[in-house]
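Naming follows writing order (A, B and C), and every chain is counted from residue 1.
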Amino acid sequence: MTQALHKSTHAPQGGITLASAMPWIISTVVLLVIPFVFTSNSAITIMNQMAITIIFALAYNMLLGQGGMLSFGHAVYMGVGGFMCVHVMNYVEDYSLPLPLPLLPVFGGLFGLGLATIVGSFSTRKAGTVFAMISLGVGELIAACSVIIVVFFGGEEGVSGDRTYGLPFFGVEFLHQIEVYYLIVFWLILSALLMYLFSRTPVGRMANAVRDNPERAEFLGYSARWVRFFSFCASGFFCGVAGGLFAINYEILTEENLNLVQSGSILLITFLGGVGFFFGPIIGAIVFTLLSTVLSLQTELWQLYVGALFLATVMYFPGGLAGVIMMHWPAFRLGNARMLVLPYIKTFIPCLIGILGTAALIEMIFHLRHGAVGDEEMTLFWTTFNVHAVLPWLIAIAITGAAFWLTRRNIPEVVDAWHRANSLPGAAT
Amino acid sequence: MSAAAALQLEGLRKSFGKTEIIRGVDLSIAKGERHAVIGPNGAGKSTLFNLITGRFPPTGGKVRLHGQDLAGLAPFQINRMGLSRSFQITNIFPKMSVFENVRCSLLWAKGYRYSFWNMVSKSRDLTQAADAILEQINLTERRELPAGVLSYAEQRALEIGITMAGGADVIMLDEPTAGMSHSETDYIVDLIRQVTENKTLIMVEHDMGVVFGLADRISVLVYGEIVATGRPEEVRANPKVQEAYLGAALEAEH
Amino acid sequence: MDLILVNLIDGLVTGLLLFMLSAGLTLIFSMMGVLNFAHASFYMLGAYFAYQISLYLGFWMGLLIAPVIVGIAGAGVERYGLRRVHQYGHVPELIFTFGLALLIEEIVQFIWGKNQMPYSPPEILQFTLFSIAGNAIPAYKIFMICMSMGIFISLLFVLTRTRVGMVIQAALSYPKTVEALGHNVPLVFMGVFGVGTALAGVAGVIAGPVLGTFPGMAFLLGSIVFVTIVIGGLGSLWGALVASLLIGWITTFAASYNVAMADILMAVGFEQPIDLSESAWRDLWSLTLPQIGPILPYLLMVLILVFRPYGLFGKRDV
């Protein structure tokens, strides 16, 4: 580490510096410690799911964010990697092969890579709409095949295996969720690091260049198609790794792992998190997993809210959550972040109340329309009331209206504070 | 001449639909020559550039780079043979930093190809070369800014930097000074002179001051045909050229 | 022979239905460069709106009003959503329409629930028009064919014979020039988007009673519509027509001819394994044509994209 420190003073662009290693060290520590904070089984289940989703989302963003390729069928690479891993798992069990479980994701990765190599050979010719369409077609094709090719995909019930029959890994048999957690975390850190480093290699840099301006890249000696192809293969590999981890964690894969719904949600997750920054998909995966587990317990309509949130993100914050966070970086650097706190509180709290009020109205309408006959009572925000009465409606509408009115009134203040926070002290404008 | 020529065009033709834009261009540009292509608007200068660099396929005729036929080659293959070009409309990577723009243009030439096992930031050679180019195009202070936020003149300078960074020995510039003020033009002309030292330069330009100041030889393209090629003073004296094009421009110059 | 005729009619119905969607999608795509992922969602909205209207005013008013509402909704989406996202580029536009498709499905579930609606053809058309060798051809099918044909012909007429059509065709290729000539291109875009989605709405109104009006109907048909316009060639109206009919007939014929792979394999000279359930090739042996029918369009698309990247009739590869 002293060497790294020494180097950082001389080569600001060069190799590993403490500053660039810090996020990695912190996240590793957090990942190792967190099971001691959230010890319940359900928390660990959620965290496992989250970690797998992070790998998948990061791999997806290698295409979308870094290569500018929009794939509508990316679940296939994760799914096929996962199916392969279940088969390997069963094979190991049947023939008692000496393959330790932690190495299983490599097979998933290689299979994802293989499939990506085949598909990429013709799909990466163009980016943009054509690529998106091919990815959709191939995705649907493979998803549809899963019902026909029963030998590999197991038909409607899918294929399942048992992770514990493998060779014990230093005495660990992966009977418990927590053991699986550490296995997944190991792969998470390894794959995230590799994906990050990939973005720093010549082909990773050129992926950015091709995304921004494929024609110019061609006049610099690079074939845009080959650059896309390499990104596509790399993405396929890491999707396969995520699939392998999925196989280990859930021990079953079905058609649901391949279909358009799955492909769509990874797009949603990645975009929500922000495609412009490496850590964007990580945020997206964490937020989405929390939303889908916590929110889905609260309301039947969670997908409606997630859909609305997604659309709002596309329209107003195309940089996603990561973009919103990084937007504040200049103000933070200027030491002006404090100036934003008060206006933010004054605007976003009413705004939040307004959104919750709207959600409450939506829930009430839903209950009114689809509730069972005679079931007139509903509980919202810890209050139980009769939906068929007028008063709750008046209250909800009044609160929502007032909250939005207050938000609107305070917006100029935020805009003003924003400009002040982002201008240099003493600057003329 | 033909074997030594850096770039040779033989009966080059291009039609879009029924309209013939380039009607048989023959031109030979020697190694180390600075050659300017001038002509009125719509004469086909940019099309000529696009034909040479493989952006469009020609309808007929041949382009030879160092004696090698370029027929059927893609732009990236032509670039690897040592021909690099800039664009009339600024064509950079707007979201990437100025430094990254230059570094990307160095990657192939430095032999990195499609490597995914080297870290670009680890290569001191690469960083230094990119910084040297930034120094040369006078953009060191803008190093970390996204290229899209640079001023127009700076973007043009970056465009030239990217074009010549790969170390190509034949450089084609499409209207490098278009839309620039006088002082900016002077800066770019100096820059071009500097970076094309010992290289072959082919450029399209409207500013006659730039053309006569830089070029060793000039070709005049009118309606897809070269009406005259020669040293600046020969072209200036050519009555055909004066009639077709230069007369008005020269009067405006003086 | 009779079966072929019945299949021809069924395939024509499916094909023309696909065409009503792919025509709008193609128009929108070639004009704005946007592949509207939510196109099939407007088709679904058409069905649901028409169902709701038919409860009060009957089927025919639904057929008249629902597409108009869908078209207005589409124009609104263009005006207030897409136009905003347009500045970020094509990929965010595509993502936007994808998100819109998700949201519309959720909204439909929110309003009408998850079950299929009891939306049925009008009574006046519920009779057998004629029958071919015992196969009854309901009048509604012929009505669907007539509707689609009528729309196709009027679309063709508007595009090639009217002033508006000229402006649209010109705006397709040279939006800047058309704008410079004083035409309000954003308005034309909005109009085209509205008309395109209204066409999808019409398709929804007339297909809803036959194919079912349920929340999954958009995604079920949606991906096939994309496949259609990719096969036809992005931006080509004739391509969309040919590809729609092609896919309509392929899927119909594949569904009704029970050709088993085992027969083909044996005819070629392979021997059927004795213990089929143990063989790794058992899926291949038990394969039948109706089974792979639904995936044939995708297979066709992948093949086309590999060998003819710009589709059957596409001129440019976009």
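Methods note: a contact is a pair of C-beta atoms (placed from the backbone, for glycine too) under 8 Å apart; a residue touches a chain by one contact, two chains touch by 3 or more.
These numbers come from a predicted model, not from an experiment.
Relative to the C-alpha centre of chain B, the farthest chain centre belongs to C.
Put simply, the chain nearest the middle, going by average C-alpha positions, is A. The geometric centre of chain A is 31 Å away from that of chain C, both derived from CA atoms. With centres defined as mean CA coordinates, chain B is found 44 Å away from chain A. Between the CA-based centres of chain B and chain C the separation comes to 48 Å, rounded to the whole angstrom.
In chain A, there is no position where the chain touches two or more neighbouring chains simultaneously. Touching two or more other chains at once is no residue of chain B.
By the touch criterion given at the top, residues 53, 55, 74-76, 79-80, 84-85, 87, 91-96, 100, 103-105, 107-109, 112-122, 124, 127, 162, 166 of chain B touch chain A in their complex.
Of all residues in chain C, those touching chain A in their complex are 29, 33, 35, 81, 84-85, 88, 90-92, 94-96, 98-100, 102-103, 106-107, 109-111, 113, 219, 223, 226-227, 230, 234, 280, 282-283, 287, 291-292, 294-295, 298-299, 301-302, 305-306, 309, 317-318. The touching residues of chain A, when paired with chain C in their complex, are 64, 68, 70, 72, 122-123, 125-126, 128-130, 132-134, 136-138, 140-141, 144-145, 148-151, 260, 264, 267-268, 271, 301, 303-304, 307-308, 310-311, 314-315, 318, 362, 366, 369-370. By the touch rule above, chain A contacts chain B in their complex via residues 11, 13-15, 197-198, 200-206, 208-209, 212-213, 215-224, 226-227, 230, 234.
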